[in-house]
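Paired with subunit B in one complex and with subunit C in the other, subunit A is shared by the two complexes that follow.
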Partner chain A sequence: MAAFTFDGSSVPFDSGDSVLLALRKAGTIPGGTLCFAGDCPHCVATVDGVSYVRMCQVSCRDGMTVEPHPVGGAPPLPDGTTAHTAPLQIRHCDLVVIGQGESGSAAAAEAIARGRRVITLDSKQGADAIGIYAGLTVLARSQYGLERIHCDDVVVATGAAEIQPVCTGSDLSGIYTARAAEYLLAHGVDLGTVVAVGDPPPGHASVSGQLVRFEGEGRVAAVVTRDWDGTEHTHPCDTAIVGLGLHPRDALFRMARDLGVTVVGDAAIDATIPPPPQAGTICPCANVTADDVKNVWDRGFHEMELMKRATLAGTGTCQGMACLPHLRSLLADLGGTVQPPFTARPVTKQITFGEISAGAHLRAYPRTALDGEHRRLGAEMDRIGGWWRPWTYGDTEGEYWAVRNGVSIGDVSTLGKMIVTGPDSAELLERLYPTRIAGIKPGRSKYVLILDERGYVLDDGLVCRDGEYEWFLTFTSSGATFAEMWVRDWAESWELDVRILNRTMSLGAINVTGPHAKELLERVGLSDPPSYMGHASAQIAGIDCRVFRLSFTGELSFELHHAIADSVELWRALLDAGADLDLRPHGIDALLKLRLEKGHILVGQDSDFDSTPRRLHHEWAVDLSKEFFVGKAATIRTNKAPLNKQLVGLTMDGPAPHEGAVIWSDGDYNGYVTSSTWSPVTEQSVLLGWLHLRNGELPTEATIEERRAIVSPVPFYDPDGGRARA
Partner chain B sequence: MLERLEGLRIIANAQALDAAVWPNGSRVFRLAADDVFLLGDGEVHLDDPHAIVELETGFSGMSMEPAAALDWLESTCEWELPGQRPAFAQGAVAGLAVKLWFDETEVFVMTASALAAELEERMP
Partner chain C sequence: MNEFIEAKVALQWQQPKAAYDVVIVGGGGHGLATAYYLATRHGITNVGVFERSYIGGGNSGRNTTVIRANYGIPEAVRFYQRSLELFASLEDETDRWIMHNQKGLLWMTHTEHGMRAEKARAAVNTAFGAKTRYVEPEEIKEICPQIDLSGGGKFPVLGASYHEEGATARHDRVVWALAEGAMHRGVHVHQRAPVTGLLRDGDRVTGIETPDGPVSAGVVVSAVGGHVTTLASMAGLRLPIRSHPLQAFVTNHYAQAFDAIAASTDLLFYMSQTARGEMLLGAEIDRQPSYSYRSGHHFLESCAHRAMTLFPFLRDLRILRQWTGICDMSPDYSPIMGKTGVDGFLVTTGWGTWGFKAIPVGGEQMAQLIATDKTPELIAPFSLDRFARDRTLADRGSAGTH
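Here is the complex of A and B:
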């Protein structure tokens, strides 16, 4: 005979038995009033490694392992080796009907007749709705895995649940609701001597009087009732059956009533309010007794929602299916009015980590067209600025000196790039940027800040002019996506006649930098390089490029922008041509070191949410004599306020302090380090950091990580910029 | 495997794109009112002097058998797919920005080349 293992013992079962039914047949009965309907929390167990499974809802499988949850404790977390992401199915329809009893079936039939696309869910058929979200979206678990169903309407027809008894001894085993007893009898289970209270199942009579308590040691041995005159009667039994009335199984409706969900049938009935419990456990999930509720009431928590939060009643396994009627009854007894049920929230049943992660994906980080080249060269790749980028090729210092003394190439394809054309293109850019745009000649570029309406720095980049109506803009790697929205939004708001194309993911860019950069580019065909801050079209190694002359490293530099289909060919051509120049690529680690020596800020790292151009020492990038630009009014306003903090350069002997380290002045907090590195060329640590002014003055020195730091002018290296302009 | 596509990216005013005559045999993906990705050879004439016409190699794509594609999309696409054929649709699929072309014989899947490796990892 087929069998499963329960708590280390073999339990036989008949085909179609639920685990709980098989256990009952074998004489093993969990404590508490069992409902056999998935409503109560008394039969949860760990089934094949998954905890909080209701044994009454799971069919037996040969060889399955069932472990009871520890008494008074939580089951162990999965060890990580057995967890798996549940399959996800996404469906769409007009109407979801939850529950396929009489009223649910009728609702579905009527909708189908009207031509609506209907999906029905019924836990008895293996499709258990467990949540409704705005959208509308119904979450259900099924044999497929997890289902997310997007729909216009939902009908909740989930019927009603039986009220659990709350009294002394109600946690004994051998107590069943009337429907559960009927179910057991139908499956041939011998219940022995039965005592029923309330509405009994067919064929049984109830004892008279009000239920007072159950008696027994572990298992019920007697039911005690009380007559109207106070006389108690003890009824010996093997099994107690309780028929205390119904309350709507309406959690799905209560969690989504504001979303326009409809409830029908028994799920819409007025709940029976049982007599207020005087003793016993009201909420078996959170182990909340009637005395606990009274104590919380006496402390002033009289609202249902507050009672739920203060006691945690209703927050456990059954989400209030056992306790809610009794809480309402007890609060009505204490306060004189019946309060509405507490709010229900998704999900109604415990779900696994695998189900939670169904359909979830990690954030995708794009890769440049040179990603494979970097990995082939042994680069340590990392997620930087929203992209996979080479942090180092294994010798950051060597990469650094290649830039300072020789020539190096770096992948800067991640830079934001955008083409703007159209008759109003100059007008758009003039309004967007805080510097003068119209004066930029074709073939020339200009460094620009982007400010928001409050005058805070959003991003920086270049504006490059190609023609009267043609522009090429660059942005930071992490700012590109936002920049596109920013530019489009303003263009539409101002109803300007422009064309905008984001080229960030379509164009590659390779930075050729170092004193020998020009020599290297001559070898691959660039005979007439643009002057500093100029740009031109050229063929490099036979590949169409737009060549930008600028410098982020502080050395002679050219950015070669090109179609990403050509990135690998261009990269390899440069490596080949520069082999005898000791050309080597540099990673981001070296690049950040190089740029910090030049004092170039990284927007987002060195800037903060309230960084104005003045605080960043970038007043030179703002022309307040312009008639208008985004952020002008705020800039004028904030410039009137006393300067209270500023991004400054600092130098220190010894190793670089941590980025984020606190800057102390006279023993008090005075700011923090935003960027720091050991500078090989200046043989000191160089830093950028925020310092507060004291009495209108910046301190001249500070303490960082218990060492002296000197406030120093930036750039730290080549302050005249002669090397970049060479 | 997703393969890099080579076409033209055309940004122009919507009326010019509506009126454009596309080269025979080309595939035209209207990404937005002002935005077309054109796969195919031939010249394009547009009534917009400020149109941006650029070589576009920033997309990668692959053709899938319709049943297999729909099976995959059923577990990765939160929005409702078009029922008519042919049809073009775009949105998040498996957490990535994807463009889909549906006809009777294939579902053509496109994404930014920079995300192609990620998308492949999320495909069956």
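Here is the complex of A and C:
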């Protein structure tokens, strides 16, 4: 015979039995009034590694392991090594009907007759509604996995739960609700001598009088009732059956009432308010007694929500299904008014992390078309600016010197790239950027800041003009997504006639940099290189490129923009052509070192929320004589306030302090380092950092990591820029 | 009886008076802390706190109970460090159990850039007395044995800042201890008492309107969460605040085994085990501003998934309940406290996702301002006029979410 293990013992079962039914047949019964309907918390156990599973809601499987929760304690945290996973199903319909009892079936049938597409969910058939969310969206768990059902309407037909008895002895075993008793009898379970109170199941008569308590040691042995005249009667029994009325299972409705969800059948009935409990456990999940509630009430906790929070009643595994009727009754008895039930919140059926995350994904970090090339060359990849990029190819210093003394290539495909065209394109850019745009000639480029309305720097990049109405814009790698939003939003709100195309993903870009860059590019077909800050179309190694002459490293540099389908071919052609020039690629680690020697800021690393051009020493990139640009009014306003801090260059002997190190002036905190590196070419550590003015003056030196740092002009290397312009 | 049933606090409710020296709008942590410190530190007890719902029913009862001072700018580190001190002594001072528990907070990072940010955090924290240091993966594993340092092979843990004094306290208990302490000294706290308008004498605010009639006040303090811009607009004041939902969820309770508070900057979640044993998780604010308390399934699905990436043991835990609070976000992710330029009207707002951890210090400082009419040095940087004066508090990356 098929069997499962319970608490170390083998328990046989008949096909189709729930775990709780099989246990009952074997004579093992948890304490508390059992409902066999998934409402009460009395039969929770750890089933195949998952705790807080109601045994009445799980069908037996051969070989399954069921462990009772520790008495008076909580189950241990699992190790997560089980393989409980579920697929996600996304479904659409007109109507979801939750519950397939009489009223739910009728609601579904009526809708189907009217031609509506209906999905029904019923716990008895293994389809649990987890919650109703805006959308409308119903989340459910079924044999198919996690179901996310998008629909127009929801009918909640989840029926009603039976009210649990609360009195002395109500936590004994052998007590059943009327429906549970009926269910057990229908499955041939011998209940022995039965005493019923309240509304009994068919075929049983109730004893008269009011329920006072249950008696017994662990298991119920007698029911005690009281007559109207106060006389108590003891009724010996093997089993007690209580029929105390119904309480709607309306949590799904209450959490989504304002979303237009309807409720039908027993789930829509007015809740029975039972007689106020005088003794016994009101909340079995959190073990809260009637006396506990009274004590807390007496100390001023009268609101239902405060009572819940002060006792934890209703916050356990059944989320108030057992305690709510009694809590409302007792608070009404103490305060004179029946308070509304506490807020219903998802989830209505508990669900594991493994199940709920069926359709979830981690944020994707894109890779450039050259990703495979980097890894083939042994690069250490890292997430930088939202992309996977080569941090180093294993020899940062060698990569660095290749740029300074020879020639090197770097993958800058992650740059934000955008084409703007149209009759109003110059007007748009003139309003967006704080520098003059109209004077840029076709074939020329200009460095630009982007300011927000508060005059703070959002991003930087280049504006390159291709024609009267054609522009190419670049942004930082991490700023590209925001930039598109920013440019489009302004263009639309100004109602300008422009076309905007984000080409970040479709164009690759390779930076060729170093004193031998021109020589290398000549070898692959660039006969007429653009002058500094110019750009031109050219075929490089047979590939159509847009060649931009600019410099981030401080050396002679060309950026080759091209269709990403050609990236690998171009990259390899450059490596081949430069083999005898000791060409090697450089990673981000070397690039950051190179740019820092030049004092180029990294927006986001060197700048902060409140970085104005003035604070960044970038006033030269702002032309306040322009009629308008985004951030102009704020820039004028903030320029009137005394300057309080500035991004400055610093130099130090010895190794570079770590980025983020505190800058001290005369023993006081006075700022922090934003970028720092050992500069091989100047043989000192070079830094950028925020420094506060003291008495209106920038200090000329400071202390960092207990060493002296000198405030120094930037660039630290090749200050007149002769190398980049060579 | 469970050990967590509130066994000591006794709340004393009074009928509203027609006038108070100080009216505080909002009976959450900040409003009640202001009343508490007014009463205990300055002997000012003719104070009425008006709460539209029940005390602590807003964000004070919806947050994830983390207390920390590991901010990225001196002004914030100093401020929250003071809050840590006040929290640590609150149980002794009030003789009430707030379940204060110093657990240590691990703020994990998975990138070079993140490592730089966490090292920077440790540096500025150390400079201002907050105990934060950068820790390597081996030590992370010792502090938090359940972690998968490989991040499921996708988000390897490269390091973390470890904030040793990171702690938790039971949010409701903090609210009640402060409420009781204030009530016991004569402060009136009124529940189900919405404020429908402000009384004005010219530009000056002189009291509040309620459904039961006007209540005059020497000074009105807005300690409102969520709808603060509505109240401020009644004083003719426009606040730079946007309100965003923030969601959280808990599991069933399990035996105590997860000691630290764990967070990841790149995976954007944080987690701790409550005193009762539930695993408590939260994430970042919803991007779309809203006043809705409705919870979403995308948050639940995504946050569970991200947390499992570092903590595979979560896979078989059963989620019990999710909920939502409303965060008042300021442009620079720092609070806005103090004078407003409108006579008789003070604000304490902009509490974003960091309001709970500032409850005692926020109350202490607001009380001092009310009692002395001078802005205390500790909160001077957080004044509303900083936006006009170009003195915003830039704290990129350390605003966090919990």
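In this section, the second predicted complex is superposed on the first by the 703 of 726 C-alpha atoms of A that agree within 3 Å, B and C clash if a C-alpha of one lies under 4 Å from a C-alpha of the other, contacts with A are read in each partner's own complex, and residues count from 1 in each chain.
We adopt the following convention: contacts are C-beta pairs under 8 Å (C-beta built on N, C-alpha and C of every residue); 3 or more make two chains touch, one makes a residue touch a chain.
The model shown is predicted, which means the values in this text are computed figures rather than measured ones.
*Asks:* Could you check whether subunit B and subunit C clash or fit when both are placed on subunit A?
*Replies:* Once subunit A is superposed (C-alpha atoms), there is room for both subunit B and subunit C without a clash.
*Asks:* Given the overlay on chain A, how many degrees, to the nearest 10, lie between subunit B and subunit C at the CA centre of subunit A?
*Replies:* Result: 150 degrees at the vertex subunit A.
*Asks:* Does the superposition put A:R148 against subunit B (first), subunit C (second), both, or neither?
*Replies:* A:R148 sits against subunit B and subunit C alike.
*Asks:* If we overlay the two complexes on their shared chain A, which of subunit B and subunit C does A:G260 touch? Say first, second, both or neither.
*Replies:* Once the two structures are laid over each other on A, A:G260 reaches no partner at all.
*Asks:* Pick one for A:T368: touches subunit B only (first), subunit C only (second), both, or neither.
*Replies:* first
*Asks:* With the two complexes superposed on chain A, say which partner A:R499 touches: subunit B (first), subunit C (second), both, or neither.
*Replies:* Once the two structures are laid over each other on A, A:R499 reaches subunit B alone.
*Asks:* Does the superposition put A:G542 against subunit B (first), subunit C (second), both, or neither?
*Replies:* A:G542 sits against neither subunit B nor subunit C.
*Asks:* After superposition on the shared chain, which partner residues are touched by A:G359: those of subunit B (first), subunit C (second), both, or neither?
*Replies:* Both partners, subunit B and subunit C.
*Asks:* Check the residue A:P78 against both partner chains and state whether it touches subunit B (first), subunit C (second), both, or neither.
*Replies:* The answer is second: A:P78 touches subunit C but not subunit B.
*Asks:* By residue count, is subunit A touched more by subunit B or by subunit C?
*Replies:* C
*Asks:* Applying the document's definition of touch, where does A:H658 land relative to subunit B and subunit C: first, second, both, or neither?
*Replies:* In the superposition, A:H658 contacts subunit C only.
*Asks:* Under the stated touch criterion, which partner chain does A:H92 make contact with: subunit B (first), subunit C (second), both, or neither?
*Replies:* A:H92: touches subunit B, not subunit C.
*Asks:* In the superposed model, how near does subunit B get to subunit C, counting Cα atoms only, in Å?
*Replies:* 11
*Asks:* Intersection of subunit A residues contacting subunit B with those contacting subunit C?
*Replies:* In subunit A, positions 148, 359-362 sit in both the subunit B and subunit C interfaces.
*Asks:* Subunit C touches which residues of subunit A in the complex?
*Replies:* Touch list, subunit A to subunit C: 49-53, 70, 73-82, 84, 130-131, 133-134, 137, 139, 148, 286-289, 292, 295-296, 299-301, 303, 305-306, 309-312, 315-317, 319, 345-347, 350-354, 356-362, 382-385, 391, 454, 604-605, 608-612, 637-638, 641, 644, 658-662, 669, 672.
*Asks:* Show me the residue ranges of subunit B that touch subunit A in the complex, using the header's touch definition.
*Replies:* 4, 6, 9, 11-13, 34-35, 48, 50-52, 54-58, 74-80, 94-96, 112-115, 117-118, 122
*Asks:* Give every residue of subunit A touching subunit B within the complex, in rising order.
*Replies:* 87-92, 148, 150, 359-369, 371, 387, 419, 421-423, 425, 469, 497-501, 503, 505-507, 563-565
*Asks:* Along subunit C, where are the residues that touch subunit A in the complex?
*Replies:* Touching subunit A from subunit C are residues 1-2, 4-7, 9-13, 54-57, 61, 74, 110-113, 116-117, 119-124, 126-128, 146, 154-155, 172, 176, 191, 252-255, 257-258, 266-267, 276-277, 279, 294-297, 300-302, 304-309, 311-323, 331-333, 389-396.
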